[in-house]
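Heads up, the next two complexes both have chain A, just with different partners, chain B and then chain C.
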Partner chain A sequence: MNRTGLPDWLSDALPERAAAPTEIAEAARHQVETIGLPGLRDEEWRWTNLRAIQRGRFHAPSGVGADVEPSTRLPLDNPLRLRFVDGAFQGVPDDLPEGVAITALADADEATRAAAFSPKPAPSVENPNDALVTLNTAMAREGVVVDVAANAIVERPIVIEWLDGATESTMSHPRVLIRLGESASATLIEHVETVGEKPAWRNSVIVSSIAANAALTHIALGLDGESRLSTTRTFAALERDARYHSHNVQLGGRMIRREYDVHVGGTGAHTDLIGLMMPHGKQLLDTHTRITHAAADTTSNEHYRTIADDAGRGVFKGRILIEQDAQRIEAYQSSNNLILSDDAEIDAKPELEIYADDVSCSHGATIGRLDQEALFYLRTRGIALDEARGLLIAGFAQEVIDELPIPALRDWLTTRVEQRLNDRSLPVDSDA
Partner chain B sequence: MALLEIKNLHAEIDGSEILKGIDLTVNAGEVHAIMGPNGSGKSTLCHVLGGRDGYEVTQGTITFDGHDLLEMETEERAIAGMLLGFQHPVEIPGVKNIYLLKEALNAKREAQGLEEIDTFTFMKQVRELVASMDMDDAFLHRGVNAGFSGGEKKRNEILQMLLLEPKLALLDETDSGLDIDALKVVSDGINRMRGEARGIILVTHYQRLLNYVEPDMVHVLYKGKIIKSGDKTLAHRLEAEGYQEILQEAS
Partner chain C sequence: MTETQELEQLVKREYKYGFTTDIEQEIIPPGLDEDVVRMISAKKKEPEFMLEWRLSAFRHWQTMTEPEWAHVHYPRIDYQALSYYAAPKSQEELDAEAPESLDDVDPKLLETYEKLGIPLHERAALAGVKGANVAVDAVFDSVSVTTTFKEKLAEAGVIFCSFSEAVENHPELVKKYLGTVVPQGDNFFAALNSAVFSDGSFVYVPKGVKCPMELSTYFRINAKNTGQFERTLIIAEEGASVSYLEGCTAPQRDENQLHAAVVELVALDDAEIKYSTVQNWYPGDEEGKGGIYNFVTKRGECRGDRSKITWTQVEAGSAITWKYPSCVLKGDDSVGEFYSVAVGNNYQQIDSGTKMIHLGKRTRSTIVSKGISAGHAENAYRGLVHIGKTATDARNFTQCDSLLIGDRCGAHTFPYIEAKNASAQVEHEATTSKVSDDQMFYLRSRGLSEEDAMNMVVSGFCKDVFNELPMEFAVEAQALLAVSLEGSVG
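Showing the complex of A and B:
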C-alpha cells in the first residue's frame, strides 16, 4: 500500500536537497506527496494515463553522460548546445555569443532559483494541484538558466539536447529558465532523442519570460526513440509587444505529453502555437495548450495537425481564455487530424472561454481520412494509388512544416517525414 | 484503328442509370466536342472514362488505343495516354505543383522504360510552358490549385496536358466560368495540343469555346444518349436555335 499519493519508489526518491529554494521545495514536496500523480479522473488526463510511469520504478541517475552523443545532427548554423543526459546538465559551453549568459541551475543565486521555481510562473497560471510541475519542483536538482540581454539579437540557435535513456530506467526532473530582456530575440530548440532502448522518463519544466518587444522562437523536435516517456510543461509569460512562436514536432517516443501555458499579458503581444504529431506503432503523443489573453489588442494563432497510423494515438486539447478586459482580440485555432488506420485514434478538443465582448475568435477541428477526390485527381495524372496516398499524407504534414522559420530545418524535417511515410506499409485495398 | 471507341455504354450511379447507350468513335488527329444541357450525362461520361469509383458500367465496351479501358485502373489509363481535365480541379495544399508535375511525368516515363527526367531539362521545359500559359513561376512552388482562381485552375489543367502529352485529352467543361483572357490562353493551349497523333474531346456547356477551338465533330448528348452528331455547324445551330429545336428534330 502507498504511504502517500505517490508510488513508493517515487516517494523514496524525493531528494533531501533540491535546486529550488528550501521553502519552495519543501512545500512542493509536501504537496506532491499528498496529491500523487494525475489519474484518468482528472479532466486534463482523460485521454492519457500515466500507468507506464506509475509501474515504471524509475530511479534518479547519478553523474552520467560525459560520453553520450546524439545520433542525429540537426542542420543548424553554429548552434549553442546545452546538453542534458538523463537530465544531468553537461556544462556551460565556452563560446557564448554576446548578450547571452548561461548558468547551471545549481550555481544560480537564490533569486534566480526562486524565479525558476516560482509557484506562479505566469500570472494566469493558477493550478496548485498540478502534480507534475510540483513534482519537478520537489525533485529538480539540475537545470539551466539562459539570460538574453536587452536588445541582444541572438543569431545562433540555443539547442537544449535532451538525451534520454542512457542508463536503464532513469527518471529526471530538469528545470529550465529562459529570460529575454526588452527587444531581445532568440531561438530555443529542444532536440529530444532517446539514446538507449530501455524506458526512461523525463519530467521537465521550461519557464520563459519574454520582456517588452522581445521575441522567443521555441522549437521542440521529438525524434524517434520508441522507449521514451516524457511529461513536459512550458510556461511563457509575454509582456507588451512580445512574441512567442512555438513549433512542436513530435515523431517519436512511447508516451509524450507536452503542455504549454502561454500568458499573453501585454498589449500588442502575439503568440503562434504550431504543431505536428505523428503517432504510429503504439505511441501516444499528446499536446495540451492553454493561451490566456490578459491584455487588449493581443493576438494568437494556433495550428495543430496530427497524423495517426497503426495503433498510434494522438491527443490535442487547446484552450483559449480571453479575460474580461482584454478587448480587440484575434485568436484563431485549428486542429486538423488524419487517421490512417482502423486501430489509430485521435482525440481533439478545442475550448474557448471568452469574457470580453470585442473579440474575433475562431476554432475548428477536423478528423478524417484522405480526400478521395484528391486521390482520384492524382491518379488521373498517372500517379499510382499508394504513391498518391503518400503524397497526400506528406502534403498534409508539409503545411505545418512550412511554418518553421529555419529553411534548412524545414527541408531536413520534410525528408525525415517522407522517410517515416515511406517506411509504412500501405494496405493496397484500403481507403486510408 | 480508332483511338477511342465507345460502344453501347450504359452506366449508373447509386442504381440510377445516367448513360443509356453511348456510341462514340474518336480517331487520332480529331477534335470532338460533346455538348449538352445540364444533367445530360456529360460529367458522368468523363468520370466513367477516368475510372472514378462509384460509377458502374452495366453494359457496353470502351476501347482505348487497343486496350480494354474498363479493365484498367485510373492511373493505368493516364499512363496509357488518356488525360482527364477536371471541371473542378481539386485543391491539394501541401503538395507542390512542381512536385506533382515531376511525379506525373516520371510515372509516364517509367512506364515507357525511360529514366527519370533530369532536373535541368525538366525545369527548362516547365518554365517555358508556364510562360506560354501566361502564368507566374511562383505558381510552381504553391500547393496544387491551392487558393487558385477558377481561371488559374483551368490553366493549370492545360499546363499539365502540355507537359504530359497525352494521346487523348478529355477536357470536362474546361471553359466554364472563364473570363475572356483566360479563355484565350486556355484555347491557345488546346490548339497547340492539336496534332496528327492526338485526339481531343471537349465536353462543354457553351458554344463559345468552339469559336476559339474549331472541332471536327460535334455531338449532342441528351438524357444519357448522343442524339445528334455533325460538323462544327451543328454547334452554331445550337447557339442560334437552342437545344429544343435539335431535340425535336432528333425525336
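Showing the complex of A and C:
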C-alpha cells in the first residue's frame, strides 16, 4: 500500500536527540519517516480520522507557561501533583511519600529509559497501526518515571496534570513510566485539561509494570477543552496475582483517542477496564482496548458506556486475546451505547480472539435509544418527558461512575455529568 | 485411522486427476490478460455488452491488490499461473476417467455417502460413475423428473437456467441486473470473477409468482463443470418468492484450487428469497496440505419495500473459506436474515460472517452464527451491522457463539457495529466456550459413547441454524457435522 509518510512539518520536528536509548530512537525515527501517520485504511484507525493532526502544523512548545493552573480542582485528599504544561514536565515535588521515587525522564539512567521505551506487550515498529507510539519514541524528550517500592501502600493519589494548549498550537510527545514493586499499591490519576484557546495535540505514552501481588488503579479524566487533540497509549504488564484497574472518563476535547494494552501475564492476575465517554458537539471520543491473557487462571472484566449527542461520535473497540495454553480464563466485556441525536454516531467492535479451549468468554454490545417502557413508566408517575429522559440518561452514566474507587471523586463526577446533561436542550421525542 | 481421515485420503487420491496440467485443446493456456478475457467471451459467444462488462471489470481488477485483512494465511496465489477457461469435457473424456459402475467406486467413499444419507440415485452421479445420468434415468427416471420440473417452472413463468443460457435468451434481464448488487470493482475476487466467470445459475421469478418448488443446483443438468468462477443471479419480482439450494453435503471433487464465486440476489417489493448453502469442498489433508480456497462474494439487495432475504449456510469444507453473505436493506420494512454454521477441523481456516446494511425505515435483521473449531482449525466470525442515517427505527439482533473442541484451535469474533440513527436498536452477543465437562458426563452416564455425546452437544449447539434449513438439507447437514468432526474427540 502506498503510504504518504510523515507530513513535512512533523518530519522537520524530529529531534536529533531523544530520551529513548539511541538505538531504539534511531529505529523509531527511521520507521515513522517511512510509514507516516495511520490512515483510515489501517484497521485500528478505520473510524478515526487524523486529518486534524495531519493538517495541524503543530510545533514544539517554546517552554513558557510554567505558572498555568488547572481550572478544575479535583476533590482529592493531599494529592501528589506531577504537572505537565504543553508536554513539558514542571519538576519533581519535594514532599514525596515513603516508598515513592520520582525522576524526570531526562535525568533517568540508561536502563530506566530503556524500560520506559520497551513496553509489554511490545508494539510493532513496522505496523502502521502502532505508528503513533513509534512517533512518540522518536520524539519524546519530556517525561517522568514513578517507582513505587515493594510493599509500599501509597495512600496519596499520584495526579498527572496534563495542561495542554497553554501557549500556541503546540504538540508534545511525553512518556511516562510507572513501576510497582511486589505487593505495592498506588493510584494514578490523569487530569487532562486544555487551558488555552489554541488547538494542542498531545501524543503521550504511559508504560506501567505491575509486579506480583501489586495493584495499580489508573483513572483518566478528560475534562474541559474543545480544542484538544490527544492520542494516548497505555501499556500495563501484570505479573502473578497483580491487579490493574482502569477507569477512563472522557467528557471534553475535539478528538480524543485512548488505547489500552493490558498484558495479563501472571497466574491469578486480574484487570478491570471501565469507561464512560460522552461525545457531544462535534467531538470524537475513541477508546481502543486490547487485553491479552498470556497466563492461565487469569480474569478480566470490561465495561464501557457511551452517550453520543449532537454530532458527536463515540468509538469503542475492545479486543480480548487468549493465548494458546492460557487455560481457565474468564473474560467478560460489555459495551452499551446510547445515541441521543440523529447526527450522532456510535461505532463499536468488540473482538474475541481465542486460542485456548478451557475458557469462558463473552461479550455483549448494544446500541439503542432510551428504554421506551421505562420512559412510559416514569411519565405515568407524573414526571415530565424531559425530566424522565434526563433521569434515564443520568442513570445510564451512573452505573459506570459508581465503579470509581474513590467516593469523593464519584460524587464530584456525578454532579459534573448531571450538569452536562442539564445543559443540553432536550429535543421532544415524537413517539414517546 | 478414523473414517474422516480415510475419507480425506480418498478424496485426496481423486485429485490425481485434478492438479496435473494435461494439455488439452480446449484449455486456454495459463495467464490472464485482455486477450484471455476476450477469448472467454468469444468462446461463450457472448453479446458485445458482456465483453465490455468483462473488460471493464478486468481493467479495474488490475488496479486492485489482494486483500490481507482476513484472519487466514495462505501462500501467495500466482494469478498468471492459473488457467481461466476450460471447455466442458466431452462425454468420452469424462467416461475415460470415470469408474465403470458403483461397484468400482471405493467402498469407503460409498460408506460416507451412506452415513450422510445421500439418496441412492445421487451417489452414482457424485462418485462420477460413467454414464451416471443414464443409469439414474433407468432407475429413477431422473431425466424425466427434470423435464417435469422444467415444465412446471415454465408454467409458472419462472426462468431457471445456466448463466450462459440467460445471456443468450434473456440478455435484457442480465443487462438490467448483472453487477447491480456486487459491482465489478467491489473487491479483488469479485472483480476477478466479473472478468473471467465461466458459468453459473440464473433465476428469474416474475411478479406475484411463488416458485412452485425449491430450486436446487442438483437438478440443473449443466451444473457440472461450471468451473471455479461461478456467477449466480437471482431476481424476485414484486410479490414473488423463491427458495434456492446450493451445494450438497457429499464431499465434492473439484479440479480447481481457487474458487471465486459471486452471487447476487435482488428482491423487489414484497418479494422473498431464501438462499441455502451446504458447502463441503475438499478441505485438504490432516496436515493442511491442499484443499480448496473458497473466496466468495454473496450479497442480496432488498430493493423493494417489505422484501426479505434469508441466507442459511453450513460451511464444512474448503481449506480456506472467505465469505460474507450480506443483505443491503434498502426498502422500507425489509428484512435480512443470516443463519450460519461453520465448522473447521484439522488445519481449515474460516473467516466468514455477514453484513447487514440498514438503509430503509423499520428495517430488521437477525444474525445467528455458530462456529465450531476442532484440531488446528481457525474459525473467525466477521460481521458488520450498519445502521444508516436514513434507517429510522431499524433493529438488529446478533448472536454469535463459538465452540472449541481441543486446545490447538482458535475461535474468533470480529463484529463491526456502526449506528448513525438515534432510533437504532442493535444488540450483539457473543460467547466462546468448550463443550462443558458436565454435559459430557451427563450424556456418558446415560450410556452414550464419547463421540455420540459430542455429536449430540454439537447438534444442539447448531439447532437454531438447522431449523432454518429446508427439511432434507437439515438432516444431511447434521450427518455432515458428525462426519466433519470425526476423530476430534477422544
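Here, the second predicted complex is superposed on the first by the 413 of 432 C-alpha atoms of A that agree within 3 Å, B and C clash if a C-alpha of one lies under 4 Å from a C-alpha of the other, contacts with A are read in each partner's own complex, and residues count from 1 in each chain.
As a working rule, contacts are C-beta pairs under 8 Å (C-beta built on N, C-alpha and C of every residue); 3 or more make two chains touch, one makes a residue touch a chain.
Model, not experiment: these values are computed from the prediction.
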{"item": "Combined model on chain A: chain C and chain B, fit or clash", "value": "fit"}
{"item": "Touched partner set for A:V92, first chain B, second chain C, both or neither", "value": "neither"}
{"item": "Touched partner set for A:L385, first chain B, second chain C, both or neither", "value": "first"}
{"item": "Touching partner for A:A394 - first (chain B), second (chain C), both, neither", "value": "first"}
{"item": "Touching partner for A:A149 - first (chain B), second (chain C), both, neither", "value": "neither"}
{"item": "Touched partner set for A:A104, first chain B, second chain C, both or neither", "value": "neither"}
{"item": "Chain B versus chain C as contact partner of A:A374, first or second or both or neither", "value": "first"}
{"item": "Touched partner set for A:A27, first chain B, second chain C, both or neither", "value": "neither"}
{"item": "More chain A residues in contact - chain B or chain C", "value": "C"}
{"item": "Where chain B and chain C come nearest after superposition, their Cα distance in Å", "value": "15"}
{"item": "Common interface residues of chain A - those touching chain B in one complex and chain C in the other", "value": "none"}
{"item": "Residues of chain A touching chain B in the complex", "value": "371-374, 376-385, 387-388, 391-392, 394-399, 402"}
{"item": "Residue ranges of chain A touching chain C (in the complex, touch as defined)", "value": "1, 43, 47, 324-325, 327, 337, 339-342, 344-369"}
{"item": "Chain A partner contacts - residues on chain C that touch it in the complex", "value": "65, 69, 387, 389, 402, 404-434"}
{"item": "Residue ranges of chain B touching chain A (in the complex, touch as defined)", "value": "50-53, 73-75, 77-79, 83-84, 86, 89-95, 99-100, 103-104, 107-108, 111, 143-144, 160, 164"}
